[in-house]
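What follows is one structure encoded as structure tokens, with my remarks underneath.
Chain lettering (A, B, C and D) follows the sequence in which the chains are written, and residue indices restart at 1 in each chain.
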Amino acid sequence: MNEWLDLAVALLILSNFMLVNTSRLMSCIRIVAIQAVILSVIALLSHLHALDVRLVVLVIITVALKALVLPQVLKRVTVGTGVERELSPFVGYSLSLMAGGGLLALSFLMSHFLTVPEPGLSRFFLPASLFTIFTGLFIIIARKKAVTQVMGYMAMENGIYAFGVSLAIHEPFIVEISVLLDVFVAVLIMGVAIFHISHEFDHIDTDQLSV
Amino acid sequence: MILFLAALIVLLTGAFVTACAGRRLWANTAGPLFSVAGSVLTVVGSLMTYEDGPWEWALNQGGSAILSIHFSMDPLSAFFCTVTAVITGIAAIYGGGYLKEYADEKNLGMAWAFFLILSASMLAVETAWDGIFFLVAWEIMSLSSFFLVIFESEKPEVLKAGWVYLVATHFATAFLMVMFMILGSAGSFSFGSAAVPPALKSVVFILALVGFGTKAGFSPFHVWLPEAHPAAPSHVSAVMSAVMVKAGIYGILRILTFTGEPLLWWGWTLVILGAVTGIGGVLFALAQKDLKRLLAYSTVENIGIIALGLGLGIVGMATTHPVMAVLGVSGCLMHVLNHAVFKSLLFFGAGSVLHATGSKNMENLGGLMKRMEKTGSFFMVGAAAICALPPLNGFIGEFLIYLGSFKAFTVHYGTQGSLCGILTISTLALIGGLAAACFTRAGGVVFLGEPRSSEAEKAHESNAFMTGSMAILTALCLALGLAGPFTIRLIQPAVQVLTGRSHAMDTVIFEGGDYLMRISVAGLCFLILVLALRLIRNRFLSGRSVEEAGTWDCGYTAPDARMQYTASSFSDPVVTMFQAAVRSKKQVDRPVGLFPESGAIQTRTDDVVLTRLISPMFVLAAGVSDRLHRMKKGYNQIYILYIVLALFTLLFWTFYQEYTR
Amino acid sequence: MNHPPYIHVAVSLAAAPFLFGVINKVKAGFAGRKGPPLFQMYYDIVKLMRKGAVYSRTTTEMFRLSPLVSVAVGILAVMTVPLGQTESLISFHGDIFLLAYLFGMARFTTVLAAMDTGSAFEGMGASREVQFSMLAEPAFLVGLAALSLLTGESSVAGILSALRNGTGTATGHVVIPICVASLFIVLLAENSRIPVDDPNTHLELTMIHEVMVLDHGGMDLGFIHYGSALKLWVFASIIARILVPVKMSSPMLDAALATASLLAVTVAVGVVESTMARLRMLRVPQLLTGATILSLVALIIAMR
Amino acid sequence: MLLWSLIVIPALAGLFCLLSRSGSLSRFMLPLVSALHFILVVCCWMTYTCPSVPPEWIGLDDAGLLFLSVTSVTFLLTSFYAFGYIRREGRAQTMDMEEGFFFKNSPDAVFVGCLLFFLSTMTLVTVSLHLGLVWVAVEATTLSSTPLIYYHRHHRSLEATWKYLLICSVGIALAMLGNFFVVVAGTGIGEHGVHLSLLSLSEHADKLNPAWLKAAFVLCLVGYGTKIGFSPLHTWMPATYSEAPSMVAALLSGALKACAFLALLRIHQVMTLAGLGATSRSLFMVLGVVSLFTAAVFIVRQTDFKKMLAFSSVEHMGILALGVGVGGTGIFGSMFHMVNHSLTKTLLFLAAGNIVHSYRSRTDLDIRGLIYSLPKTAVLWIIGALAIVGVPPFGTFLSELTILKSMVHAGRFGLAAVYLFLLGVIFAAISASVFPMVFSKRTGDSCSAAASAVTPSEEPLWSVLPLWVMAAAVLVLGFYMPPFLSDIFHGIAVSLGGL
């Protein structure tokens, strides 16, 4: 079982590198959606010994939202704004890859300080989820388009969600609901905002939004 | 006690009433009335404290409140309250006349409200018996005076001056805050339980020196004084210069009662500070062209003299030389009183001149004695008093300080006292000479000779309120000068608060009273002699020809007002001597060619501390700040990067601490 | 047996103008002239007292006040300084300051009176006067402080009688000469003598005191002359008493010695005036500062 | 029951407004609901006893009650102002003051609805005793306030909205992660680990894993700190505050920041109970000093006075953090300061609203002679400015002094010196900008032609009365602290291990 888990974690890490390396917005959306699926798999695999209905339902909802609904919303936004690529990001793609490597190292370093009390987990899980969070933050920082930033935000939420659903699942359900709800609402509102921005500015480069 | 509290209530009620009155005309009558009523009550109340002994009164002590309104009046407070009340009362009368012409354009009700609040807060500062209450009263005092300073706020320079004042006083208060927090280490801020940890004794002293010294105007913290005092309306300048800066002196004295036995170097610090302040103040006064600015610098000078006296007293205390201690502190307090009287007189005079001619620039004035005889005469008396000339009051305080320094030359108290005495004597003598130069210049250029401008020519005497209040002060100058033996007994209890009561002290006070009595006799003799000589001359001249003619002036046929010595040329030799310190700027347009059209020379003396030290610092800070402003580009990406960096830094810091522990 | 102090005061008041005669005689002697009579000043004053008055239209009461103040100050000053073995009329600890500041008062009114005329010359004189007196005052006070430290007294009479009784003679032989030198310079400056000022010239650009009283005439000028005479008398008698503190066996001898020493000081003034040139105006501050330094040195030596 | 109605009533009213789409009806809803909310809060005070065993999810403790009251009072006073404001500005086409284009405002119903939701979510923050719920509530405040910022529909305000949304979302996500870390820290304790309720956390505080808990605290500090506006996390504030309508800025600054601070205090409380108080306090101090420094730097020569107010908020949040960080009486001072700051800053923003309305400018150089044109606002503006820089006789002085006292008594003289110095710089900068605004006379060259063309309008009662109430409150707090307040400050200080 552990091999599968490790594999899923490795896939998660790889998906992050792909996210960092992709300029096409559609691909980004797809990667974020795939990440959500991988996360759900990890969550299920790590709690396989004590699977309960609540977790399963949660995972199903997650997949539905994160992998289907939200990407659809973002796709529509992207199409509506008419932007396909992130052409001149703040940090170039090869440099982004290197930075991704650095972030991965940082994640491992950090997880060195924190011992995971959950026994069933892959030992790579903590760094992987931290790495996902960092990648999300990195994308927000390194990209210019508002849509890309929203995707970065989603990747970050993915990481947090991964962490939560695997390590904090024994909390009453409010936590999961909140994750889903808030991600949902936040992304929705951001989407609406992006529509307005594109309407006002004819482009969605946020670096033009300077005071 | 009742009277004092009643006075505060009267003043605050007055503030409320006049604030409500706003622009209505009667505000300008109500203000002075309330102020005078408050002053009378305070004076009577304070003098009764001398009789009945100290009292204490607290409104909400020990409750849940942070601020406990807690008054106490001992002789030291009573002394300062008396001075404050007398001067504010007289200033209010003057102000009633002075503000009349502003009635159309200004909200006089608010001006009076702030004046009354200022009076009340000064009294509160001088009687506060709780650290936090003291600070609150202190800041209200600063704030209300700030609003008075910016009375003519439509002038940019007035607003600037007000700002300099506000900032200076705020930074000073920061020191006081820390000081009172240390005093309150025991838990309660009540002065009754104020205890200074021995290790922090000197820290407290330094904090007090900076904090209170800024208000008092010790160099180099005096920078606000020559800005704010000229900007304010003259009755306010008088109150600020004459009594508000003394609140700083009061503060230092009060703190000294908590710190226990003072250390020798405190005294030295005060003496040296006093010397620097005194000489610096008078030098800059000498170089000014603006009459009120001159007076403001002269306040700095007199604060220097007060500090000299106090420093002498502390050296006396620290070397257990009771005579020196008592004389030094008495001189300090005596000069506090005297300076309050003559400085307000001088500011009133300057105010009347401003009122009559619209100018404070001495180079535009002259010949006012003929046009404003009363103001001129009163100003001359004030000028003589501030030069410490007998038989006027200025002499008394300086005499006590001189005497203290001479008494320091007693061999068995060691060389420290003697050195201190030498420094004090030389400084005081130099200050005396410079002050004489400064005030003959002020009086002579402004009031004597021929008018230097058409405004000065058209000047007119001020109204009765203004001249009346000046007359009262002039009379006080003379009375205090002759009543030395009486006043030294009056301040004796206040001195005892600091020096403690001892046999030596009684002797000193007794002897001092005796000397002062002789001075009074000599002063009376002097007056009688002058009067007698005058009678003789009149008698002789009565039968002879008394003619009027032009000034002879070595036979000049057509003397002109422009040929007179100007203020700048009068002070030029002295200023040039001290150029290294004063840094007066001269701008000379020399006449060129064979038949030159015209030439000009202008001098200008800015405050050295302000222009050389503080302004550059502010410019530097603004530059750094501007550069940092540019860091803010407005990219969301960068902002989020800040967040991430902050996160990592804090995480790293937290765990690094863990690691190293 | 002492005679009462008011006799001394009366003598001083009467004899003061005589000193000017002495100085002028000495100067004339040096120049090989006969010189004015010893009592010339008396004649001058009497003559002036008989005249009417002319006042400038520019002037005010201030102008009229200043001569009176000079005389009043002179009289009071005479009262504080003893002659011979007598007590002075006004004597208490710290009367030195009263003395110094009374002269200050006189100077104050004189300067203001000069400015009252609105004349450029008199303004210039006033300006110089305040500058030099500012420098002379520390020299005077510190010099007296040195003596006070030496004797442990702080009144003029007290210091002088202590010197006479031989108190503090340990360093006296060093301190007293230095003090006298310093005070002598102060005397020259305060009484507008050469090398600080020249009482005789009427070249406006070089004068100090004389130029300030240019516009005074008649009785006022008489008062001013008399006031200056009293001032010179006071300074000279202080220096004389410091120089010759010897106590003789009889009061008569004592008075004679005092008078002799007083005359000696006066003659010294005359000698200085005859043998020195007036200093350049820019040099005067140096001289006066030098006097202050002398006083300080005396004070520091007296501390040991 | 009372608490639920506090949350539900505004929410329902907000929903009603959104559905009704009626501008006038919504307008009247606003003061009505806020007054009702205030009355209910007063009822809470009446019935309040500090719970010995706090409820799991929703309940009131000392801190909650205090912050709830602050929120309610601020909102009540602002709502009266907003009532007049909306009626005046409404749907009219307005010319932009900087670039001169025309724009419209949000529909009244939407605006009021969001305001009421905002109230409801803030109430939820204050009454939650569960870290997860607190988090949800804080996130909800972000979401409900976003449309408020976008009231003026033009590109700059949109930009500010986007900035607010993005930065706060990132922050809040970090706070979420922090919450998960707390859960992980409690894993393995008892049967099911520790729940996120304060009750459960405080029961097992000593067994929590310190490393995870510390990391959790840092995450929450950064997360909620973004919302509170600690520097360098404050970056959304200047733009947002200057573009949002003044009353929204007032609410964000006066109420929302306090709420977010409460969220942080909850976790600090857990840290204290877990014996890690020293760590969290030192972190508070670091952020406090940095915030003060940043504020000082950016307030100096700030020409936009609404941005100046924004940075002043950064400063005051720094002061709060310092107070909590130093501990002891500092916590007492911090709470006191929070109350003072909320009142004062709301006052200032509302006064700034009046000024902006009359002068159509936010640049202080354009605004001269307020005392002649808007005398009432001018006086309030001065009072507010004096109070915000901590001058007696206002409450801020006493609270800042209390914090100073705690520093001195803790022997942190260096910190005290830095604190006083930076406060002094800020004082100098704010006074340099405020007094010329009020007192200078207009001269032709110092202000743009557009600004001098505007004739200042009269000041209706609604635009000054709420401000007078706040001014009076701050003034009274400078002289007298009601015992109930000091008791509650004391209670909070005790619960945070201060006294």
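To be clear about the criterion, contacts are C-beta pairs under 8 Å (C-beta built on N, C-alpha and C of every residue); 3 or more make two chains touch, one makes a residue touch a chain.
Please read all numbers here as calculations on a predicted model, not as lab measurements.
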- Item | Pair sharing more residue contacts (C-beta pairs) when B-C is set against A-D | B-C
- List the centre-to-centre spacing of chain B and chain C in whole Å, with centres computed as mean CA coordinates. 35
- Distance from chain D to chain A - Cα centre to Cα centre, in angstrom: 31
- Message: For chain B versus chain D, what separation do you get between their C-alpha means, in angstrom?
- Response: 43
- Task: Could you grab the centroid distance between chain A and chain C? Build each centroid from C-alpha atoms only and quote it in angstrom.
- Result: 100
- Two or more partner chains touched - positions in chain A: 113, 137, 140, 149, 206, 209, 211
- Message: Where in chain D do residues touch two or more of the other chains?
- Response: 162-163, 166, 170, 211, 215, 238-239
- Would you give the residues of chain B that are in contact with at least 2 other chains, written as numbers and ranges? 634, 636, 640, 651, 655
- Which chains touch, pair by pair? A-B, A-D, B-C, B-D
- Hey, which residues of chain C end up touching chain B in the complex? 49, 51-62, 65, 68-69, 71-73, 75-76, 79, 90, 92-95, 97-98, 100-102, 104-105, 107-108, 111-112, 114-124, 126-128, 130-131, 133-138, 140-142, 145, 148-149, 152, 154, 202, 204, 214-215, 219-220, 223, 285, 292, 296, 299-300, 303
- Listed in rising order, the residues of chain A that touch chain D in the complex are 113-118, 133, 137, 140, 146, 149, 153, 156-157, 160, 163-164, 167-168, 170-172, 174-175, 178-179, 181-182, 185-186, 189-190, 193, 196-197, 200-201, 206, 209, 211
- Any idea which chain B residues touch chain C in the complex? 366-367, 369-370, 373, 376-377, 380, 383-384, 387-390, 395, 398-399, 402-403, 405-407, 409-411, 415, 418-419, 421-422, 425-426, 428-430, 432-434, 436-437, 439-441, 443-445, 447-450, 511, 514-515, 518-519, 521-522, 525-526, 529-530, 533-534, 537, 540-541, 544-554, 556, 559, 561, 563-565, 569-574, 577
- Item | Parts of chain D lying in touch with chain A, wherever the complex brings them together | 130, 132-133, 135-136, 139, 143, 146, 150, 154-156, 158-163, 165-166, 169-170, 172-173, 176-177, 179-180, 183-184, 187-188, 192-193, 195-196, 209, 211-212, 215, 238-239
- Query: Hey, which residues of chain B end up touching chain D in the complex?
  - Reply: 60, 63-67, 69, 132, 135-136, 139-140, 143, 150, 153-154, 156, 159, 162-163, 166-167, 170-171, 174, 177-178, 181-182, 184-185, 621-622, 624-626, 628-629, 632, 634, 636, 639-640, 642-643, 645-647, 650-651, 653-655, 657-658
